[in-house]
Structure formats: C-alpha cells, structure tokens
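You will see two complexes here that share chain A, one where it goes with chain B and one where it goes with chain C.
On to the complex of A and B.
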C-alpha cells in the first residue's frame, strides 16, 4: 500500500463534531484489536502447546501463559520417522518452485510491464484463471499424467504443480515491480552504449531486486504451505504439510501441535522480513 | 564533421490518427545548436527520439556524420542524451552515473576518473560525486544528467526539455550555464523545448514545429522578427505578436491600411494588395504609445495595465480589437484612459487572413 492508499490518520477532533469522530476512531482501533486477536490467538495457542512439556497439555485448567517451557515436544516431533525427510522434501520443493517460477515468471512480468502486445489483457485474465480452479481439480488429471510419464511421487511433480500455482502471482508481482522502474532509465542506458540485456542487468535488475526477492519468498511460502496437491501427487516423497496431514489422524496431540508450529514459523518469518516489500508490491498491483 | 541530415521523416504512433512527424527534412551542420520548439503534440520529441534511435521512423532516413543510422540501434549511433525526467540511475552513485557510458565503452579506469572529474567540475558536482541521486536536490540531479551526457565523446548531443522540471529561478540560471558548456564543447546539439524563451535564448537556429511539420526554421531573431505565418508569430515571444484585421487602401502611391475605422500608414510595397483584407502582425514592443493625440496615430482605450518592472504591458482596445502594447515603465496611465498608438511601417508584417501565411512584402 502506498501512503496515498492508506486511510488518512484521524486528526485531532475539530470543534463541533469532535465527539463523534473520536468515538469512531476508538471504534476503529477496537475493531483492529479484535481482528488481530482473532488471527493471533490460534498462532499463540499452537506455539504455546508446541513449546510446553507434553504433560502440561493434559493439565486442567490449561495454562494460558508459558509456565512450562520445554523443547521436548518439538524435539520428539522432529526425530519422528518421516518428519525430517519430509522437511527436506519441502525445502527442495520450495526452492525448486522458487527458482522455476522466477525463471519463467520474470520474463513474462517484464513483457507485461514494457510491451503492449495483442492479447495482453486476455493473457493477464487467463493467468488468474489458474487460481480459479480448485487444486483438487488440477491435481487429479496431473496425477494421471505424472503416473503415465513416471513423474508421480517425485519432488519434480510437486515442483511443477506449485510452479503452475505460483506463476500468476509471480508474473503479476514482477510486472508491477518492473513498471516501477522508469523506462527512461533503460533507454538512457542504451543511449550510452548498453545492449538491451546490459541495460536490464545493470539498470533494471538492481532496482527490481527487492521486489523480485519478495515475490520469490512469497512463492516459497505458498509452496511450503500447500498441502492438498502435494498429498495427491506423492506417496513416499511427502512434503512436510502432506506428511503431517497423512499422519494426523493417528498421531498424538503433541505431534499435531509441533507439526502446526513447524509449518507456521517459516510463514511468520517471511511476513516479518518482507512486510515493507509486500505492502509496496500490493500497492502497485492494485493501483 | 558530425552533421545530421534528416530527410522526409514520417512517423505515426500506433493508434495515432495523424502522423507525429509528417515528412520532416532538416540539415543540421556540424557544431550547430538547433532548438526544436512547438506546442505539446507537435512532434518535436518524436523527432528527437528518432534521431536518438529510441523510435523507428515509418519512412525517411537519418544520416549522422554521413552514415545512414536510420535502422541502427541507439547504442550504435554514438549519440548522447539528457532526458526530461533526467533518467539518472538511482542505485548508482553520482560518480558511476557520470561514468556509465565510459564504463560501457571499456575506457581505461584512470581515463574514466579523469573525464568524470572534468565533467563534474564543469557542472559543480565535485563535492557530491560519492552521493546517491536520492541525496541530491532537483537542480543537482539535472546537473548529473548533463554531466553524464557530456562525459562521453558523442557525435551528437540530444536534450529533451532538460530544464522543464526546474523551478523558474534555477531554470534561468542553468540556461545560461548550459549555453556556455555546449558552446565550449562545440558538439552538434538538438534541444527540444516548449518554452519559447528557452528557444530564443539558446539556439543558433530555431525550428518551430506544428502538427508534425516545420512551420519555420532560422536564426532566433529572424524567426522572431519575421514569422513565416501567424502561428509562429503567436507562439514565439511574450506577449505573442498582435494580429489586426485590416483592409489595404492605396492612393497617390501611398499604401495605407484600414484598421476598424482608422487608417494607418503602411509600407509602399503593399499597394499591390489594394482592396484586399490582410492581417497586420505587430510586436507589442514595436508599438509606440503616447497619452496625447497625434496626427496619424490610432486612438485606443486602455483596458488593463500590467507593470512587469522593466516595462509596462498594456492591453488596449482599438475599435473592438484587443492589442498588447509594451511601454517603458515610466509611462503612467490608467484603465479607461485614451492612448494614441503609432507604428513604424518597417515593423509591420502582413499575413493572408485565410491561409495565415506571410505575404511577400519586402519591407
């Protein structure tokens, strides 16, 4: 969000209609607090359970403060069979998806930002349609296809699916980032002797890099969190969410909380690191 | 000998209804400072960008230094450019910005340093060489853009409204500085502006563009003094040239023009147009004003008095025709007062009221 998009901060109430405006400001603040609490409560409870001793989970009444801090629950989760390989699979799939979607999405985003071509608007709309289809609808035919081509139950299969899912956002985000670099600068670089590629590498890329990094990390987290497609396309080479999901029914409470916590943390770290870029990014996309 | 020959250049932007440049031909000799001036949408920037190689013409050719560059890319033309938006690179320090072209041309490092230092010195940027553009003022960024353009040994220097983003005071200051620097370099220069004062003060020659064609090209004073049509007269100069609808009368070998109900002595050569309507063009500073009645003077009434400090600009009404008149600051008058105007026939220009083109009247 650019500063212009954010609602103007409430100024000190003016004489005359001061009371009403002040109550409204208080109301807005309370609503914000309520929404934040609603979002944060489960995260807090999962973190609390994952970082407490297994015994404290069964205690009644449940302590809402971290009184029994321990790494025992997390440690037993991480050493459990299948968890560590799934963790590695998730990393491979996440990084693979990131690399592939940036490799394909970057040129597409650049073309959307710089050139007016026939079917440009239709192309943009078409890309969003991928997201309109439920993942299950995509995954089942893909599973069939991968079975016949021998890709089934490999990390490549999941990478391909996740790339397809992430590409629309990658393309739209990078195109917004490229629009932010004035065309003049590229032209200036070419006037002073740069080839189009040199102009891109020396002038556009350095300025677009933070945005591209944000898009890449967004892709990584999307892939990290995606469970349905990954569960359908793999049997043994599960990613972490798929692994947790498949063993969820037969696992103790501590396992569930620890698994949930392991899945939440990367997403939170990402949001914290990329907050600034995400805001400016969405601001330009929504303009 | 880096001269530029533009012949029959046509360009229509995609979706544009009429051509941005319509068969423009130009010859710019080596070392000339040519200003392209005109209202927005007249094709001046398009013409410049075609010379730069940033746009491809639909038809016509461009030669620089005798070489056909029409289909060469920008980097192969050995031109240099100052952009309206400056287009300096925000992620590089001033030093790297100025040396960008030299770096790409693989000039040795110490040579780059030497030339960057010289360009920075010319533009008073020596103290800010290690800063990023974000830490500079608008005027300094403008200077970086110019320094970057002159640091390379280009055949041609192109400038696209380089002063339009500066505030008025800075613009005036930098205008004379720019003129001095370009004079020292002696590079063939094309300068685009919509500001007629810039065009007048900077150019060796001025080309006034309108609707994709060159309305007139020549030394600034000539274009100012003898506009080829009413558009040029109205565009160059502040205030613009006055145009009075009039009818030519002749008698006893003397030509006169009838303006409203009053008569005015005109150059003798006008007798050939007797009986025909003409449009009389006259610059505000070429009208003499008096507050006392005089023989042969036109009576008019003051409507508005605008002192500008160095002069007083009057808007007067002459038989229903509005005129701008410039008087010395000492001239005291008030709205509603009568004044008498005299015009030296040698300052009068005559235009065909239908075509707006200058009539061939040697004055």
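On to the complex of A and C.
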C-alpha cells in the first residue's frame, strides 16, 4: 500500500492543512514541554537539595545546578533508626492492601455494574459514606480494637485499615470499568453455552483488565501514601511516611529535604515499573 | 420483543448480586460502621451522659473557623483548576506528540507521591532560603517570604500549587483511561463535517468522558477535603485545614473527643458533596441510558 492508495476524499484535505498541522504539532510540543517543566522541576530540585552537602544548603542563593554533590545528607537520613525497616513495612502493607481490596472489591464492582437490585442505592451510599469518613475518626477506635485483639503495631492492622480506605475506590472504579464493557457480548457468550463465570473470565475480564490495573494501582498508591492512620496504629512497625511525619517536628531543613527525596524515589521507581504495564494496557491511546 | 427483555431481566435473580456484595459489606461494617459508632460516642458522650462540651471546645478554638474557611477555599479553587489542567494534559497526549510516552511517565510520577512528600518537595522551593528565592535573587529580583505567617495569599498559593502538582495525576490517569475507550472515529467524523476543536471537545469528547470525569470528581473532592500533610509540611499550623486540626487535637493536645467532633465535621462536608454528586450523576446517567 502506497500513500497514493489512500481514499481520495482525504488527500486534498490533508495536503491543504499540511502547514497548519506542522504548527499545531510544534504548539503541542511546546505545551507538553511546559507541563513537563512544571511536573518535573520540583522532583529535580528536591533531588538536588537532598544530594547537596549540608553546608551548601546553608548558603544563599542556592545553586540551581549540581555543584556540591554528596550523599552525606541522605546517608545521615537513611542511617537514622527505623528508616529502612519503615520502607520494607510500606512495601508489605501496600501489596497486602492491593490483593485484599481487589479480592473483595471486584465482585462488588461487577454486581453494581450488571445488576439492578433492591438496596443498590443504599449500598452505593454506604460505600460513599465509608469513603468520605475521615481516617482519624476510625483510626482511634480501631487502635483500641487492635490493642485488645493483639493486632496493634502489626502490618496486618495497617493492611486492614488501608483496605477499608481503598475498597470503596476499588468498587467505584471497577464498577465504572464493567459498565464500559458491553453486556451484549457477555450475554452472547452465555447463549452459546458459557457459564456466567466462563463468560466473565473469557469475555469481560480481558476488556476490563486495563481498568482493573488502574484500580490496583490506585489501591497500592493509597496505601503507600497514607500517613495518619499508619502513624496512629503503629509504634515500631511504622510505614515510611508515618516514620518521616513522626520525626518531622523538630528536624532541620536538611532532614526534611532528605525525607522528601527518600519518599519520592520509590514513587519514581514504582511508576517506572508500572509504566510498561500501563502503556501496554493503554497503548491504544499512547502509541 | 418486550417478553424477551423481561425474561432476561428475570433470569438475573437477586441472590447473585447479594452474594457478590456480601464480602465488601461485612468488611466495611467491621472496619467502618463500628468505629464510626464509637467515634460518635467519643464526640458526644461525656463522663456523665450526652454533652456538647467537645463541640463548644472545638468552636471556641481560634484555629477552627480559619480551618473551615481554608478547607473550603482550597476545594473551590483547586478542583476546577485541577480538572482543566488534567483535561488539557490528556488532550495533549491524545494529539499523539513525539515522546508522548516519556511525557506520560513524567506527568504521572506525582501519582505515587504522598501529600506529606509533596509538602516536603515544595518546601525546598518555597522556603525562605529555598530555590524560588534563589532563582529570584540570581535574576536580580527581590526575594519574598512565601510561607510567612504574615503573607496569607502566598501561603495559600504554595499549598494550592503543591496540591495541583501532586493530585492532578490522579485525574489525568482516570481521564486518559476513559479516553482510551472512546473511538477516534467520532472525532474524525465530526472533523470531516467541519466541527472546530472546541465543538469536538464540547459535543463529542466530553459527553463520552462523563463517566470517567464523574468518578474523578467524586474521588478528588472527598480527598481534597482530607488534605492536611501538605499544609503541615509547608506551613506547620499557620495554614490550618480541618483534618490538620483533627490531627493536632488527637496527637499534640491528646484530646480524642474534640478530634472526633472535628472528624465528624469533615465527614458531614464529604457526605454532603458526595450525596449531591451521586444524585446529579444518577439522574443524568439514568436518563441517558434509555434514549
């Protein structure tokens, strides 16, 4: 197939707009670069601050280029008690929350998307109510409950709390995803002899997977980012944000910059890992 | 025709959705409703019966009304800005520029950033001897105490910028995921018939994006009401927000009762907006589902 084979009506239109399209592409590139500058500049700057010597951070004006690169600031932060174990705790809690909330949330999302039943509105309102509940109001009584059941100060306690936080979101997103999958195909599969479960696994799930991946991503991130509840439910088994928050009060600026950088590095890695997965899922738009 | 439809609906027996919902209902009841009941008790039960003492203490606190005002102001300014920004970003990506994958990656990085982290990151920019003032100084411009207690507008601006930076990615991902399911044919058809960019956006793209935008709107509003660590990291208690006050009362003032009342205020605000959204959402989708 050569360009000459393209349908005739398109050709004059494309040729006539050639220059306009090129200017448009330049404009889009410039806009993309401007957005990128805003989104990435803070990441660069906090990295710069965390990787500068403590002395150079006391000077003014600060250098905007890496002139005094040193791991001194970061090393003193990382060797502070509890920082590395807190990182591991954050990972355990995040993965545990993802698995638990998708296991519980997916069926509910599917039910909301596919069935009209008595109590549907009540259920939706219930889920929104739970999502709208500020974490402090449940963290305090939960701390009490966990103390009596021996779950206090464990990663399980935080996983349960974070799943409770993330579950309504998981249900909302998965139900929106399933609404987007045409019901006709599922019904067709059942007419041709598939059981409801087979129809779901073979027909619905493949189409819903990108959205489910997005739901899982949000779940992990919700857990990873949650500060307050984790700080209340644990003493020694702190997640990383809780650890940083609890030691923030009297800490110098250099410690705070190092903390910010330490929190953002896993975020960069995490999105980089997820990127390939997400792009293969969302490739239709971005390729 | 009508009999065929009724038989298919009748085949969906109620027990199936109930079975699917049971795990989540049990889980949420154990971890939400029970603590909520205890929390209400903490808020309104004193040592000798029902009391409004904790409500009074909350309202008498000089930080209370500013924190209500700040929370609502942040919400009202942030959400529209955020959606406009996310939509613009998604449209840029949909225009398929070169390096769009790199851009997408860089733009969704804040997705995995906690609000505490965002506060610390922007602290490096806005603090007195930070990078913004360094840049101004290098350019020969006067520096400014952006996070000073005396300069409310710039404190608000700093919190706003940090939140815009951090939380827009969430909206972006939802919008991009929604756009993926919209075939380009519609837009191309509209273009062939001479629709301008704005007409295509208004009448072709946005109506199809509505479900995604609704999900994003509910999520973001409720999350925005719970913002606190950004302001905490940037300004301490100089820019009080409702959840930040809850944290102050619980952690520093060791008063779970007043903190429970404050939490209920946030809960009331969240529920109010959620119910409004849900009503608007349901009405529109139900009228559109049956053309």
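Throughout what follows, the second predicted complex is superposed on the first by the 195 of 287 C-alpha atoms of A that agree within 3 Å, B and C clash if a C-alpha of one lies under 4 Å from a C-alpha of the other, contacts with A are read in each partner's own complex, and residues count from 1 in each chain.
Throughout what follows, contacts are C-beta pairs under 8 Å (C-beta built on N, C-alpha and C of every residue); 3 or more make two chains touch, one makes a residue touch a chain.
If you're wondering where the values come from, they're calculated on a predicted model, not measured in any experiment.
S.K.: Considering only touches as defined above, state whether A:273 meets chain B (first), chain C (second), both or neither.
M.R.: After superposing on A, A:273 lies clear of both chain B and chain C.
S.K.: With the two structures laid over each other on chain A, which partner does A:194 touch: chain B (first), chain C (second), both, or neither?
M.R.: Touch partner of A:194: chain B, not chain C.
S.K.: In the overlay, work out which of chain B or chain C sits against more residues of chain A.
M.R.: Touching more of chain A: C.
S.K.: Return first, second, both or neither, reflecting whether A:235 touches chain B, chain C, both chains, or no partner chain.
M.R.: A:235 contacts neither chain B nor chain C.
S.K.: Name the contact category of A:206: first (chain B only), second (chain C only), both, or neither.
M.R.: first
S.K.: With the two complexes superposed on chain A, say which partner A:185 touches: chain B (first), chain C (second), both, or neither.
M.R.: The answer is first: A:185 touches chain B but not chain C.
S.K.: So chain A touches chain B in one structure and chain C in the other; where do those two contact lists coincide?
M.R.: Correct list for chain A: 116, 187.
S.K.: Quick check: in the complex, which residue numbers of chain B touch chain A?
M.R.: Residue list for chain B touching chain A: 14, 52-54, 73-75, 79-81, 83, 85, 87-91, 100-101, 104-105, 148, 152.
S.K.: In the complex formed with chain C, which residues of chain A make contact?
M.R.: Answer in residue numbers: 13, 24-25, 28-29, 31-32, 35-36, 38-40, 42-43, 45-46, 48-49, 58, 60-64, 103-105, 107-108, 110-112, 114-118, 120-121, 123-142, 144-145, 160-161, 163-164, 167-169, 171-173, 176, 179-180, 187, 196, 210-211, 214, 217-218, 221, 224-228, 231-232, 241, 244-245, 248, 253, 256-257, 259-260, 263-264, 266-268, 270-272, 275, 279, 282, 284-286.
S.K.: Report the residues of chain A in contact with chain B in the complex, numbered from low to high.
M.R.: Within the complex, chain A touches chain B at residues 116, 182, 184-185, 187-195, 198, 203, 206-207.
S.K.: Can you name the residues of chain C that touch chain A in the complex?
M.R.: Residues 8-9, 12, 14, 16-21, 23-25, 27-28, 31-32, 34-36, 38-39, 42, 88-89, 92-95, 97-101, 103-117, 119-125, 127, 129-131, 133-135, 137-138, 165, 170, 173-174, 176-177, 179-181, 192, 211-212, 215, 218-219, 222, 225-226, 228-229, 232-233, 243, 246-247, 250-251, 256, 259-260, 262-264, 266-267, 270-271, 274-275, 278, 282.
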